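Once you scroll down, you'll see the structures, which are given as C-alpha cells.
Both of the next two complexes hold chain A, though its partner changes from chain B to chain C.
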Partner chain A sequence: MKKNHGLLYTLPTGLWVTVFFLVPVIIVFLYSFLDRGERGGIVWRFSLEAYRDMASPTFLHILVITMLISLAATVLTLLVALPCAYYMARSKRKSLYLFLIIIPFLTNFLIRIYAWQAILGNSGFLNNLLIRAGLIKNHIQFLYNEWAVIIVLVYSYLPYAILPLYSTIEKFDFSLLEAARDLGTSHPGSILRVMVPNIRAGIVSAVLFTFIPTFGAYAVPKLVGGGKNSFMLGNIIADEILVNRNWPFASATSILITLVTTAALGLYVLANKSAARAAQRKKT
Partner chain B sequence: MNGSDVKIEGIDKHFGDFHALRNVNIHIQGGEFFSLLGPSGCGKTTLLRILAGFESPAAGLVRINGRNILPLPPNKRHTNMIFQNYALFPHLTVFENVAFPLRLKKLGRREIDAKVEEYLALTKLAGQEYKKPAQLSGGQKQRVAIARALVNGPEVLLLDEPLSALDAKLRQHMLIELDTIHDKTGITFIYVTHDQQEALSVSDHIAVMNEGRIVQVGNPTEIYESPADVFVANFIGEANLFHGTIASVEGEMVSVEVKNMGILKVTMEPGDLEGMRDFQPGKQASITVRPEKINIALEKPPDLLQDVFNAFPCVVDEVIYNGFQSKFFVKLSGTGGNGNSAIKAFKQHMSYYSAGPEINWKDRVWVWWKADDAYLVEVHDA
Partner chain C sequence: MKKIPVLAMAIACALAIGVWAGGKGETSGGSKVLYFYNWVTYIPEDVLQTFEEETGIEVILDEFASNEEMYAKLKAGGAGYDVTIPSGDFVSIMIREDMLQPIDMSKVPNFKYLDPEFLSKITFDPGSRYSVPFFAGAAGITVNTRQVPAFEKSWKIFTRDDLKGRMTMLDDMREVMGDALKFLGYSVNTKNPKELEAAKQVVSLWRDKIVKFDAETFGPAFARGEFWVVQGYVENVFTELDEALAQDARFFIPDEGGPMYLDSMVILKGAKNVENAYKFINFISRPDINARIADFLTIPSLNTEGRKLMKEKTAYSYEDLKRCEFKEDLGRDVELYESIWHEIRIGK
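Coming up: the complex of A and B.
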C-alpha cells in the first residue's frame, strides 16, 4: 500500500491556522478570565469580573440592540439579494452582473462608508435631491441613527449574500417550477414549495455571511451610527480597549460575539443533521 | 373524467421573428394515444406547452371536452405533463413527489397514502417510497414522473419526449409499459417525439409536423404506407424516392417516366387517384417505394409478370448486415449512382440458410418491386 502523506500535505495550512487563528482566540479566551491591569493589559489572576460586568443594563441593552440591528440587516439583505440573484441567474448577461457585484470589492470598505455619509448627510446628495424636487422643505436627519447603520450594513454585505444565492439559483432546474405549476401550485407557491427548499444551502450561506459580520460590526455603527440605539458590541470592544483600558471585558465581549456567531453555525449543522436523521427513520 | 376529447383549433405562435406554429388544427378523440411527431424545431413541444399552459398562442383555441382551456393558468388545467428531464423534486422522496399534487389539494392523510400507494404500484415502484430522486435509475425516475403526473387523475396526459434520456433497450421496455398504463387508465395521451419508431409502435393516431405545420394526421399504417408528401415519406422510416413526369394514366395504373430508369409503374387505389389534383400526363410526380418491399437477386425476375413489376439491373454498392436483415445499397447499371439511380433494398433473413447464393459487394444484381408496392406521393406542375 502507498504511504499516506495527507498529514504532511496539510501541515502548512494547519500551522497557519493554528498560529494566526487558534492562538489569538485562545489568548482572547484566557484574557477574558483574568483581572484588568491599571493602564490596560492584564494581571495574571483568575477573575470572572469581566463576565459579571455583562449583567449591567447598559451592556444588555447594547446586546439587544446589536442583535436587532444584525437581524434586521440580515433579513433586509436576504430580501434584496434573493430577487437580485434570481434575476442574475436567469439573465443572459450573467458575467456583466457578476462583474458589477464584484466592483465594490475593488474600493476600500471605509471609503464606501464615507460615500454613504456624502449621500445621506444633511447637505448630502439625497437631501439636496429631495429639496430640489420640492418634496421636502428642510433637510431630513438620515445619518447617525440605527436606520443609517442598517442601510449601510445591508449595502456592505449585499454582495456576500448575492454570490452564494446566485451560485445555487444558477444550478437550479427551472423546469421544476413548471412541474410544480403543472401539478397545481400557484406561481408564488411553486417558488416557496420547490425553489426555496432546493436553494436552501445558498440561503443559509447568505444568512451566515451577513449575520456573522454584522453582529460584530464596528466601522459602520462608528461612522454612520449615533445615539444609544446604534452603539453595537463591536464599538464596546474598541472603547474598552482604547478608552477604558479594560482588556478582560473587551475579550469577554469578543468571546460573546464568537459564541453567538458559532451558535448560528451550530444551529445550521444541527438542523441538517436532524433532517438527515428524520429521513433515515422514515426509511426503516 | 377519463378519456377527454381535445380539439386544437387554428393555433398560431411566434417567438420573435420565428413562426413556431402555423394554423394548427387537430382533433384528438377521448382516450386516444396520440403522437405529435416531427424533427426538432417543428413546433411539437411548443404545441404541448400550449396545452399545458406554459405558452400562450397568438391565435386559436384549445378545447377539452368542448371547454376552451386557454384562459386557465397551468395549475387550473386538468392536464398533467411528463417532462423530458422528468423534473422530479430533488428535495422530496419518491413518496412525497407523488403526494405533491395531493397535498396541494389538501386531501386527508389516509386518502393521500392510499392514492400514492396505488400509483406507485401501477408504475411498479412499491418499496422505493423513501428514496430520493438522486438514488434512482433513469427508468425509475421515469416511473416516478409517470406516477406523479397520473395521481391527480388528469383528463389529458402530456408527454414531452419522455423516453429520450433512456438507453435503447429500456426505451422499448418503458414504451410498452406506457402503452399498458394507457390501456389501464383510459386517459387521453398526447405524446411528443422525434422518434418515428416510438410513434409508430404505440399511437392510435399520429400528427406529423414540419416547420410549424401539421403535414399529415393518420394512423400509423396510413402515415407509413401513404405518406402525404415527400417530407413525410423521408421522415418516417426509410424510403426510395423517384422523381419523374407522368407519361400515362390507365385506370388505376399510372406510368411515370423517370430519368435513367425509363417507365415506373404505380398502381393507385381509386380513392388516392381522386385525391390528387390535376392528375394528368405531363405533370411532375414523386414516387416512393419502401426498401423492404424491393426484391433483390442475382437473377432476372420471371418475365411473365413484367407489366406489374418494375425491374432494373444494378450493381451492389454497399451491403450492411444487421442480423435480422441485410441492407443493400445499389446503383443502376451504367450510371453514377446519383439521384434517381441509387436504390435501397432491405432483405429480411427469414430462415437460417439463405435462399440463394449470397449477394456481395460489386455483384451485378436485379432489383424489382410490384406496381402495388409503390406509392405516388406528390404531383405538381412542371
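Coming up: the complex of A and C.
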C-alpha cells in the first residue's frame, strides 16, 4: 500500500498560511466582537458595539463613497484594459508590450503616487503646461478630490487587469470572429457576441483584481484625495487604530471589507462554474 | 473533517507566539548602563556621548515614533527600559496604569531651573511627582511670503478665498479641533457638546478652503511651491526647504493660541538602573546640556538658565507657547471628537 504524503508536502505552505493569514484573520474577527480598551487594545467582554456603530449615517456614507469609487475605478480600468490587452494579443511584439506593462512594478508604489502629485499638482507639470500655453490663467485643481483618487487607482491596478485579459485573449481563436462576420454579424457585434463570452474568465479576473484592492484602498485616497468625497473605509481603519484607539471598530470595518471582497470572489467562483457547465452543455 | 487540524494548528501557533513573546527576559547585572527609550531624533548623539564620558554610564538607545507605539511596547511587557519620554496625556495614563516610579526630586537638583510659570500649567501630573519636563512645543502655520506677502497672525487665514486650494491643515483631530476651540475662546480639552458643535462649524469653513487634511506630505509640497499656507509642526516643514525658501517662509503660532504638547522624562516601574536614570535626568536638565538640545531642536527651552545659553534662533518663542494649552487625555470622551471629525471629513 502506498502511503499518502500529501499532508507532509503541503505542511510548509499550510503552516505559512495558518500563521500569517488565518491567525491574523481569526484575531481580527475575535476583536470585532469585543469591547474597546480605554487606551487601545481590547477588553475581553463580548460586545456588538462595533457593529452597532456601523449603522451611523456617517459610516454608511463612507461605505457608499468607497463602493462608488471602487466601482468607478473598476469600470474605467476595464474599459482601458480591454483594448490594450486586445492590441497586445494581436501584436507581433507581444513580449515587448508585456515588458512595458511590468515596468511600473520596478518602482515603488508610493513613489509612483508621488509622481502623480508632481504631474497633477497645483504647480505640477500639467498646470504649468496649460498656463504656459495660455489656455488657463490660474491653476486648475486636479488633485485632492475623488476623481484624482479614481484616476490614480485606475493607473495603479491597470496592469493587474491587462495581464489576465491578455492571457485569455491570446488563447482566443480569432478565426471565430471571421466566421461570425461571414455569417453576417457586424464587426462590433462579432466582438460582443463571440469574443466577450469566450474571454469571460479574463474579464472576471480583471474586475476582481481591480475591485478587491481598490475597495480596501488606503494610501491613494490619503495622498491624492481630499475634499468631502474621498475618505474611504481604509482610511477609517487607520484612523480608528492610530487616533481613536478603537480596535474593535477597526476590526469590524476590516471584517466588512473582507466580507465584501469575499462575496466578490464567491461570484467569481459561481461565474466560473456556470461557464464550465455551459461549456459542458455545448459539448454534449 | 479537515477543519479541526487547521484550527488546532492555529491555536497552537498563537500559543507558541505568546509563550515566546512572554518569555523574553532581561538580566542586566551591571550598573554602568541605562536603557533609554526615546523619540526618533529627539536628543543629539553628541549629548549622549558627553553623558557617557562624564559618568561612564553607557546609554543603550531605542527609539519610537509615536506615544501609541511606545505605550503599546511597554504594555506588552519585556522591554526592560529605565527611562522614556512620553507626552503629557500619556504621562497621566501611565501614572493611572501604575507604570511609573515616583521621582525623588532630591536626586534631580537641576529641576530648579525649570520655568515655574510653565510648571504651574501642568495638569497631567500636578506637582511633578512622576515626571520631569523635557521640551514643549506646538503646531503653527507656515506661510510662503513670496506668494502671500500680507497676512494676519490668526486662524482666520484658513477662511481666505484668495488662498483656496493652496492651504493644508494637519490630519489630526485633536490639533485641528483644538485650533478651532481656541479660536472661539474655549478649552482645547472641552467636553461641552455646544462648544464642540461651534468648533465643528468653524472647521467646516476651513475645510472648504483648504486642499486637504494632511500630516505626511505637506512639508515637501510646501517646498515645491504647491501649497502656500500649511498648518503643522515647524520641523516638518523647515527641514524640507532650501535656504532661499527658508528665508521667505514665516512660521507663527496664531494669536488665539492652540493646543500644545509637553514631553517629560519618567522612570519606569521595574527599571533596573534607577540611580543611573536619576543621573541621566539631572544631566539632561543641566542648563548647558539643555541649551545644546534646544539648539538642535530649534524650539524654545523650558530651562530658565538654559535659554540664556542658546545660540540658535528658535522658530517661535516661549511667549508664544504661553498662549497655548496642553492637550489632555480625554479617555472615552474622545468619541465626541471622533464622530464630529468624521462628519467634517465627509461634509455633513
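Following the convention adopted for this analysis, the second predicted complex is superposed on the first by the 269 of 284 C-alpha atoms of A that agree within 3 Å, B and C clash if a C-alpha of one lies under 4 Å from a C-alpha of the other, contacts with A are read in each partner's own complex, and residues count from 1 in each chain.
Note that a residue touches a chain if its C-beta (ideal position, glycine included) is under 8 Å from a C-beta of that chain, and two chains touch if they have at least 3 such contacts.
Everything numeric in this text was worked out from a predicted model, so none of it was measured.
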Fit-or-clash call for chain B and chain C when the two complexes are aligned on chain A: fit
Chain B versus chain C as contact partner of A:173, first or second or both or neither: first
Touched partner set for A:181, first chain B, second chain C, both or neither: first
Partner chain(s) touched by A:262 [first = chain B, second = chain C, both, neither]: neither
Touching partner for A:244 - first (chain B), second (chain C), both, neither: second
Which superposed partner A:95 touches (first chain B, second chain C, both, neither): neither
Partner chain(s) touched by A:128 [first = chain B, second = chain C, both, neither]: neither
Partner chain in contact with A:65 - chain B first, chain C second, else both or neither: second
Per-residue touch tally on chain A - higher for chain B or for chain C: C
Smallest separation of CA atoms, chain C relative to chain B, angstrom: 35
In the complex, chain A residues that touch chain C: 14-15, 18-19, 22-23, 26-27, 38-41, 56-59, 61-62, 65, 114, 117-118, 121-124, 139, 141, 143-144, 222-223, 225-229, 231, 236, 239, 242-246
Chain A - residues contacting chain B, complex: 173, 175-176, 178-186, 189, 194, 197-198, 200, 279, 282-283
Chain C residues touching chain A - in the complex, by the definition given at the top: 6, 9-10, 13-14, 66, 68, 71-72, 75, 93, 97, 165-166, 171-173, 207, 211-214, 216-217, 221, 224-227, 331-332, 334-335, 338-339, 342-343, 345-348
Chain A-facing residues of chain B, complex: 52-54, 73-75, 79-81, 83, 85, 87-91, 93, 100-101, 104-105, 130, 148-149, 152
